[in-house]
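Each of the two complexes below includes chain A, the first together with chain B, the second together with chain C.
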Partner chain A sequence: MRLVRRPFFWIIAAVIATFALAPTYGNNVELREGLLLATVYIILASNLNMMLGYAGYVNFGGIVFFGLGGYFCVWLMSAFGWPLVAATLTGGVAVSALALLFGLGILRLRGAYFALATVGVNEAVMAFVTNFGPWGGSTGIYLSPALFGPLGGPAKALWTIYYLLVGVMGLSLYLSYTVKSSKFGLGLLAIGQNEDAASVLGVPTPRYKAAVYSLSAFLPAIAGGLYFFKGAFIQPPDAFDLQLSTETIVIAMLGGQGTVTGPALGAYLYEELRGWLLTSPTFSNFQLVIAGGLLLVIVLFAPGGLMGLIYRRWPRLRRILE
Partner chain B sequence: MSALLEVAGLSKRFGGVQAVDSLSFAVEEGSILGLIGPNGAGKSTVFNLINGVIPPDEGRVRFRGADVTGAPPYRVARHGLARTNQIVQPFMTMTVLENCIVGACFGRENLPLSSARETAREAATLVGLEDRLETLASQLTIAGKKRLELARALAARPTLLLLDEVLAGLNPTEVERMIGTLRTIRARGVSILMIEHLMQAIMSLSDRIVVLNTGTKLAEGLPAEVAADPQVIEAYLGDPGLAGTLREAGR
Partner chain C sequence: MIGLLASLLDGILVGAVYGLAAMGITLIWGVMDVINLTHGAMIVAGMFGVYLLSGSLGIPVYATLPIVLVGGFVVGIGLYWLAVHRVVGQPPLMSLLSTFSVNLVLIGLGTAAWGTALFNVQVSLPGLSLGRYTFPGTHLMAAALTGVIGGVLYLFLYRTRTGKAVRAVSGNREAAELVGIPTRRVLALSFGLGVALACVSGMLIATLFPFTVLSGDAYQLKSFVVTVLGGLGNPAGALAAGIALGLLEGLATPFMPVSWTLVIEFVVFVVVLVAFPGGVLGLRRARSH
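Take a look at the complex of A and B:
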């Protein structure tokens, strides 16, 4: 495999190993919970980045994939007794297919109109689910603790879910890298820079945009399934939380949109910052104030994010970190 | 010789303006056809109608025997028609080589990424950008960006090249260089349909000329014939200097 010779492959491998081993050592549950949130952030940001950073489309409602994935998984498990892996994978495929449909509808729009439409998709789906009986309407779905049985009881199940999320995080980074270094990725980057010029040069823009929108839904949906299974509970306001969507955009831009490493770096730093601010008793959700400020600073002074600054200082790193 | 591109009865209206009015012409294989006309005559609109940037209200566009009327630009590009834009539109944060790779990857030959690199390099060399391959497009001069626009189109290995004022904004030395490049391209068997305001240049490059005025065809013929046509001179009369240049170039 050619990939094995790329330094980036080893960086992903090292990150996964660190995430997998650090909390295992000494059975550190507190560290695991912090890192678990970081994996979710990395998965969301890195998949969002394929839309935002590659194709140049601001998806404000990306969280709809996460929430729908959660619903599919929790519903399949509670109503039909499906095993976890089958339920999450089915959720991923179903949400990707739905995203393709949404995408064909809203990807005719550009710029701010597209961004607003993505918020609309999220709100519409939330309104639908809130009134959808089989999914518990506004009260949501509770999972019976018995469902943790096949995974060796709740305590062990939490570790399994964590490892699965670390795996999905690795896949997200790998996907992000593979797409970027492919012809498909080149087409997306061209669309992101100048869609009309790309089309004139032969890039099949509608097909590519729909494909990346659908692709960027798959792993977040799987992460949603794992995440809400872990909580054993899902309800509309948690599943379709626009705040998390906005945070994801800040994360991708903080790390450096369009780069593979950036969203991961941004997610980790943001999660650390959030954890640190949460311990402050004076403010709840103070990270949002910081996030807003950060976004302003990034947009005004460092549109390339942290990776943009790093690459400007050491251009040769671009080849290694991607 | 057979017609590579055939335009028949093409019309386009923008609100109250008839931008193009039942226009017909053909580009023969291996030839250079010049499209001239005063500002606002509808030349760029004709390009946009041909490569599908905007669909025509009426009329047909046939390219290499296939009807491509109203087909989206990326499909027309795949057929082997490449174009440059009047206002250059490079992918600013990509390098010169990457810009050309996009052209090669999605052009007529639909190359995979691995072999597109070589084709892209050739195209950049042909326009004289071979020592700028790793430069970001945003760092090129205007002349450089114009060359890049041409290289990107060439990397697609087109059978027909639509050039929208590639000489505009260049200084005399750069114009000379560009004309040389265009001759080389033509010698390689690429047919060209070009819009140009620099009369000497287009008169000497073109095999035939089509003159457009207020969206209709005013005249068509050999450069010398067109330059001597009283109607053409009249269309340009708002600018007597230009009419003089036309006659001059025709001789």
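Take a look at the complex of A and C:
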């Protein structure tokens, strides 16, 4: 528990507490819905960052974990009457195992080949689910409102889901942080720098890559379960939405890939920006255009993202933030 | 039996157009190690190019081909200087993300302008009858034009000085620079050519099937499947693999719902990527990044 003594540990704790308490104070449902989306973005971006920022592997189809997790959870609840927590956890474990299976195949590819294969995995899974009878095919699965009963009715259930998502967000940040400061994380960073050199120096690259791919699937799958339970409805285009996958990459790059703080900061700012764009009459149709323009500017002129700029301005922060 | 044969022959015709689209990706990849993720958006640009030119200005459908070709070339060179030039030679992450972000901007603008409604281009060409089955004239015309464009591309790459420069840069950029080839201009030219091919294939696809602003994604993925089958950086392989994919679709159509063909294509895609990273028909060895 060396990490507990580092200030960054307590910064994460403060962020979690703020997320949990801010909407509770005054029962602010509108704020809660905004923050709920931010937690989903943070969960997706932090986990993607372990692939993208640490190991240097672009995963365009990270959303497949979120969607599959949602499907497992919704299906277990509607068809077998499982309680929420058991269904989401089972979904997380199942999706992690599936990711390990996919990973064994596509992680033999590198760079652009891998990136293309991740799109292929997402599209293939979406096409499969669209034709898969037990999961409702293209119409998806609806949850009966009665399933909210055990959580104390819909109004109370929404709060419970929010707190659970904040918890998963906290776990994502701690996971990012723990991995980054571990031997495993150093191995991943070495793979990101130069995979052949890392392999020669004794990093077990195939095992590490498979592990991080599977690990980065677990918490997004759980978040997917909670998210789609909240909506009480899941169908393929929502579950395997490549646009959300895309936004996750924009978020990680915006905040600063390879850092723990970056994706969280990027997710919060992106959520605020998105909220502003959606309510603005001029820009509501141009959300993608602006996300794309933002990404282009970052890639061309500030590849380190916001954290890169912050570190350049205040180098001392490197000692506190990760 | 005749139905299956006809379906296969039709698959070859449509597959040739997929091959044309994939040539655009593979040319750019071979020359500058950049995977052009604006490809789908450029295919859609070609589709809307022919739709607007023939619909609003009344230009005959096939006469728009040179306009689309030149327009695509100019747009491609512009895109190169805007988004690609700074990231050539950097890790693949950077070029993937920069072309991808341009794709987002273009698709976003397209969606804002046209929504996601279905469009189609009206062409009346007599078909060719073979027993009870008639091949649509548009399919024959698209395959024929693809053959012509592929031939011209071949002559350009192997018979002209500029084409030889493109191949030289593709082989070894530094060595090409040392013997006095203006590599930056060659890179811009190749990107322009790749985008022009994407636009023309989009124009031809628009004469075959209805399309939306978002159709580009599906054809971009098909192009990737074709490209990895044919070997990245290998235009002739791309054409052959495109025809192979068309055959596969033609073979699958009579036996299963259309929605499953996509699953099969992606399974083929992933399996081929994993089993033959250099491409099934590829003569080149795969690069490690």
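As a convention for this text, the second predicted complex is superposed on the first by the 317 of 322 C-alpha atoms of A that agree within 3 Å, B and C clash if a C-alpha of one lies under 4 Å from a C-alpha of the other, contacts with A are read in each partner's own complex, and residues count from 1 in each chain.
By definition in this document, a residue touches a chain if its C-beta (ideal position, glycine included) is under 8 Å from a C-beta of that chain, and two chains touch if they have at least 3 such contacts.
Treat the numbers as computed from the prediction; the structure is a model and nothing was measured.
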Chain B and chain C placed together on chain A: clash or fit? fit
- Task: Could you say whether A:Val203 touches chain B, chain C, both of them, or neither, answering first, second, both or neither?
- Result: first
Original post:
So, A:Leu242: does it touch chain B (first), chain C (second), both, or neither?
Top reply: second
Check whether A:Thr130 is in contact with chain B, with chain C, with both or with neither, and answer first, second, both or neither.
second
Quiz prompt | First, second, both or neither for A:Leu278, with chain B first and chain C second | solution = neither
- Query: Which holds for A:Leu296: it touches chain B only (first), chain C only (second), both, or neither?
  - Reply: second
Partner touching more residues of chain A, chain B vs chain C, is chain C
Worksheet item: Touching A:Gly187 in the superposition: chain B (first), chain C (second), both, neither?
Response: first
Once superposed, chain B sits from chain C at a minimum Cα distance (Å) of 11
So the chain A residues that chain B and chain C both touch are 196
Seen from chain A, its contact residues with chain B in the complex are 182-183, 186-187, 189-190, 193-194, 196-206
Counting only contacts in the complex, chain C reaches chain A at residues 29, 35, 83, 86-87, 91-94, 96-98, 100-109, 111-112, 217, 221, 224, 228, 257, 259-260, 262-263, 266-267, 269-270, 273-274, 277, 286, 288-289
Listed in rising order, chain B residues that touch chain A in their complex are 51, 53, 72-75, 77-78, 82-83, 85, 89-94, 98, 101-103, 105-107, 110, 112-113, 116, 152-153, 156
Chain A residues touching chain C in their complex are 52, 56, 58, 60, 105-106, 108-113, 115-117, 119-121, 123-124, 127-128, 130-131, 196, 242, 246, 249-250, 253, 285-296, 299-300, 303
